[in-house]
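You will see chain A twice below: alongside chain B first, and alongside chain C after that.
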Partner chain A sequence: MVHMVKRSTANNHDFADLTHIFNPRSVAIIGASEKPGKVGQVIMQNYMDAGFQGALYPVNINAGEKISGYKAYKSVLDIRKEIDLVVIAIPAAGVPNVLEECGKAKANGAVIVSGGFAEVGAADLEEKIKQISKKYKMPFIGPNCLGVMDPRARIDTLFLPTYKIERPKIGGVSFVSQSGSVGSSTLDLISAEGFGLSRFISYGNATVVDEVDILHFLAKDKNTKVIVYYLEGAKRGREFIEVAKEVTKSKPVVIIKGGITETGATAAHSHTASLAGSYESYSAVFRQFGMTEAHELEELIYFAKIFDTQPLVTGNRVAVITNGGGHGVLATDAIYQNGLTFPQLTKESQKELRRRMPPIVNIALPMDVGGEADYKRFGDALEVLSTDQNVDAIMMIALFQTPGADEKLVDAVVNFNNGKKKPLVVVSTGSSYTQSHTKLMESAGVPVYESPSAAAKALAALISYSRYREKAV
Partner chain B sequence: MGELLDYVSAYNLMKKYGINSIESKYVKSADEAIKFSKGRPIVLKGITKKAIHKTKSGLLELDLLTSDQIKGAFLRLSKKAQKFKPYKILAQPMTKQGIEIIMGGKVDSQFGKMILLGLGGIYVETFKDFALRVCPITRYDAKKMLEQLKSKKVIAPDQKSEKMIEEVLLKISKLLVENNIQELDLNPLILHDGTYDAVDIRILK
Partner chain C sequence: MVHMVKRSTANNHDFADLTHIFNPRSVAIIGASEKPGKVGQVIMQNYMDAGFQGALYPVNINAGEKISGYKAYKSVLDIRKEIDLVVIAIPAAGVPNVLEECGKAKANGAVIVSGGFAEVGAADLEEKIKQISKKYKMPFIGPNCLGVMDPRARIDTLFLPTYKIERPKIGGVSFVSQSGSVGSSTLDLISAEGFGLSRFISYGNATVVDEVDILHFLAKDKNTKVIVYYLEGAKRGREFIEVAKEVTKSKPVVIIKGGITETGATAAHSHTASLAGSYESYSAVFRQFGMTEAHELEELIYFAKIFDTQPLVTGNRVAVITNGGGHGVLATDAIYQNGLTFPQLTKESQKELRRRMPPIVNIALPMDVGGEADYKRFGDALEVLSTDQNVDAIMMIALFQTPGADEKLVDAVVNFNNGKKKPLVVVSTGSSYTQSHTKLMESAGVPVYESPSAAAKALAALISYSRYREKAV
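Our next item is the complex of A and B:
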């Protein structure tokens, strides 16, 4: 659990300037090392692996001439060149001195990876570094965090070896996590998904740069299309609301709140206070200002991928096509349980479907195209249903265990999806053969789900946000 | 923690914001209560800082019509209220039967003043069916609060009652924003005959 440190609210709407931290031209790594297993070694290695194009300055008080082939420095003050970002990975006790030196060296920003501050009770140590940051007007992320990763700018302050955690490809989803462990494990999950990452930010104790600064930065960030957020608490509640209101006008924010059970809650004096605890307030704020709340880590992924790939839609009439009867039944339940409904197909599309489908296919929803359905039959159904004015979105269940479903079906779905007329979600349940096909679809921008209920939840989230946007903008 | 605002002052505050509340008066004796009733069935309530739940604490006597009923209830209440001293006894005319809802407010440590709408009365704790928003709310927010409730159809079966509830929510939001209030409970607020009455008001300053 991250310890909270109050930040003065006197300076309303003042946002830390994060451009240098996120788009650095030069990076100094303090605590850089060649010794395997040292955090400073992993960070150094990751920078090299990421192919960072700017200047890299390893700093270590015990350094010799070089570290990993780069000219090494004993102090950041010896560099004598402009430094955009300093990554600090040394024991907590040494951080204030080093940070002071960074200030003197006129560094533009820092990421303090080190733990051992307020989260373990050392609040005065944390206050010290906060004051140094203020004195030199040098914002920092952390301490007690993983820091930032940006595959586009090729920066990577994570102290997690690349062989242990996959790095996602470049894309439009930015993922912010107060916690490092939720951050890294979810990042690993994201890399297994088709969608790519814009930025990853783990900001730990939020001593200087907090959630308001980060949301504000991402709201303006052209490379970020969707924001995914793991939040434990917002320090500046009212400013959080202001910035949330702004950002959701143009970008979906998927958010999960950690710490929803209250331990030290005081006895309430009214029914209102006993019902509306701290978590309920957060949940209400998310809802009121257009953020999409996820209740499980999996939902972060479900929602992120539909927002990343599919157009907004306010209507809730979903046409279901399936090549499995049981899945059609499950999908029907999922549709109605999530506040969605089946459309009434127009006379024309019913006629057209009847003309194109074999007699065994019943022209009704969910439309069971049959176990032997191939790419052509699926393609026909998609084409006709997507042009029906009463259909708002399509859920396509493609079970690859059936004889007709193969890579040609993948092509047909991807081609259809590229047209992006209406939102499409695909449900494919299964193991290796299925997954090899769903991976292809996902990497081409088709959101694929393992169950009808996951797909229906994602559609419901898309619709709910689209409706908010329509009202709010 | 804040201090409980005197009931009649709270009642007057509701009036100021145009929120219908049931006529309320403190009575010091059974005779005063009989006089208040003017032949109408009345309710007597023990008002104390020490118990939020009047039904559970037995501080509620309903549907009192005759002088004997009123006198008996007054004595019973006075006896039960001893352990919640200091207390006062409040008289109100008996309300019509209707749907009991709760509207409330609180100050959240992060987000400030918040407003609540939910299914009320004895169902508050059982179903925990409520919606919450940050103040001030817009008409759209009020609509969405109602939409969010599982019991929406029960609370607001038609457009007219929807609109009425939205109006009250907007008034309460204004009241919360303009006054120094830590917590507010209107529970129950009874919906009946196309109108409503706040029957119990609790305000913590």
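Our next item is the complex of A and C:
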């Protein structure tokens, strides 16, 4: 169902194929090292940890025979085999020479993680590497970035060790970040939340490969189901919007924009050397073309999670089941505040609920199944509500502090969710006992939220995008 | 600095002293049991786990010689000693008789955890226990509630085991909840967040002791520094506001209101048998009288944390230090969106920062100390900024994914925070490695937030309340 998007002609470089960078069969790491703490050592280690299946060539001008058990090279020119991706992790001043060698070695692409270019005023140095890239028609990501991480292709150019940033499991969310700090901490959060990653791309100064090129690539990438961007400014803002407008017809695009206040925009300008545009114009256009805007980092996770796991739905009638009265009240508020509503249950399902629930349960929405409700009662409620034609989606509040909620409830929820009958969001919040159960649900593809308002925001985003898609396609 | 508040004359009962309920020297547990899963067993166990230092009297009509090693009684009348607090955990129908016996035994107060009263339509039964309370001038909390938990007084009437709900450490936040579900899950969250609790009070149907009585008590309670309410409706709304207006002159009061939409209010009415008032009127009055309104459960935690740990400040000039450029941009946006601003640093501190920071660090705000910044560089920045007369508060973004951030940074932050020079909020977000470090900071009294926007909201609440206090006192 992926629509092919026409490549913009105003592209700032004349080569289009990023496949070698994103799905390399061979990788050279320039600056590779065995010295603990060296950037090139961490990257080398991460490639080995990721279990990269292609050829791995450590390159270091001071190298001996081997680095970490792999045959080592003093220069990329010594490799004399096809190189899909070169990862460059050496001080900025040395990058032009090394990049020139990569060009001569006919490398297909590069990731330059090194900082020390336009972001610190060295625009000349950055222009130099841009020209080298042009000359050899060799695209690169960076500089001043973390590069790429992909649990499926098993590539990992992050120069941060896995004990500091956990790597997410394989999944459908691709996360693209101009900023390394937002990128790395969000990658770590994605691991904590337990949902899966397709590709992580931190593109830094965007000297050659920029947000538009990446969007082109992800649009066609069959492993990417949801595209998430942290964007400060876009040098080719208009083109980004044009491409995104096509992409949202087939995939959700979630965007958080940094630099939306005047002072924030100045801050954005100084640290990645790109220009932040007027926020109002961005925000309106995001909405107009079906992009989902996250207003804070929390929302970025809320939205990625629901798009990754739940089917689209255009109706806004949400049935709430809860084992806590107060949370039912808060959920009701959150539903109506987010433009959602309660369904009018059919006579049949009312009758069936009445038959299955004990007399103490009031089946009116929000349906409070009681603090003593166990997996069976929750399961009955889910079953009946999911077959009601007036119910578009379900919010299930499962507080694991209550006597009836345990691991069996997790099984019941996961089983229901696997049926993918109707979109489901779960609200569970608390300390260790709760967290151990939410992790089980999350890792099985159930989106769990810490509050009714978070869950309602996620549902509203899902419904809003579904409606856009219905009209746009 | 606690102002004494004049007791309202419109009070619905004519006894005022809740000290016996909140600081009991002796506790009788009616329904106490050794049978696993029984409510009375869990409460008995929790009292023992809490290490209650007073006399403990298990009461059960079917009791033998002892229950859990304590001398057991068939009736509260058999105890024949002063009883400060009776915890009643038996089916609703039996409560009036037992309560009558408590009155005859001259018990000083009770907590009735049993449900099955007005909230399920049994208004007569509820009226009956109200009359008994009146007759014996014996106040009670509940019914249909979790009761009280206090790590300092070591009382714990919650009928939910500690493995499901962790109990917070001793601290300054008192949390009052009409709803048991919001109460119990928030109590659990408070434990997860690592800040300390003064008193937890879940008051359910508020038949006798209600939100106003509790507010009176907490106003005078020297262990309570911050008062947090989850409120659905208040039978004595006007009096609540009158009392709160006095309390906010000396203590912050944070409120989250459930039932703020029409449908939400209906839901609230059905589950605690109280009337939810018009939200708009509540919300405006909260603001007018210095209460801090939380709009979602997340904000309740944000605000409680900062009020508990940070000094008041009326200035809104917030200096941002960050080890991630993107987070600096988002922090700048969040600061300006929340009515805060950057300070103009003095010439002296600019000079001192320039002297201490490496040339690569741009000392303009948001000050990006770099991904490689360690505890020393962060410490230097904190030291200089905290002595700058133009800086009112500090937001420090410490991303532990970076190479320089480790346990030494935790020590530096905790040491700085212990000096209590200026309000400090920390932003750290991520998975296991980060979480182990944020827990260390939190448990040492540093308020840590998952995003710049959460931290900015907390600072804005602190400043807004501080300004109210300055004018009001």
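Note that in this section the second predicted complex is superposed on the first by the 443 of 473 C-alpha atoms of A that agree within 3 Å, B and C clash if a C-alpha of one lies under 4 Å from a C-alpha of the other, contacts with A are read in each partner's own complex, and residues count from 1 in each chain.
By definition in this document, contacts are C-beta pairs under 8 Å (C-beta built on N, C-alpha and C of every residue); 3 or more make two chains touch, one makes a residue touch a chain.
Keep in mind the model is a prediction, meaning the values are calculated, not measured.
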Which superposed partner A:402 touches (first chain B, second chain C, both, neither): second
First (chain B), second (chain C), both or neither touched by A:432: second
First (chain B), second (chain C), both or neither touched by A:332: second
First (chain B), second (chain C), both or neither touched by A:238: first
In the superposition, chain B vs chain C on chain A residues touched: C
Contacts of A:451 with chain B and chain C, given as first, second, both or neither: second
Partner chain in contact with A:371 - chain B first, chain C second, else both or neither: second
Chain B versus chain C as contact partner of A:177, first or second or both or neither: second
Touching partner for A:280 - first (chain B), second (chain C), both, neither: first
Chain B/chain C common contact set on chain A: 266, 270-272
Of chain C, residues touching chain A in the complex: 37, 120, 160, 163-166, 177-185, 188-189, 191-192, 230, 232, 258-264, 266-268, 270-272, 295-298, 322-330, 332-337, 342, 360, 362, 364, 366, 368, 371, 399-403, 429-435, 450-454
In the complex, chain B residues that touch chain A: 1-2, 4, 52, 102, 104-106, 108-112, 114, 116, 118, 124-125, 128, 130-134, 140-141, 144, 148, 183-185, 187, 202, 204
Footprint of chain B on chain A - complex, ascending: 233-234, 237-238, 240-241, 266, 269-276, 278, 280-285, 287-288, 471
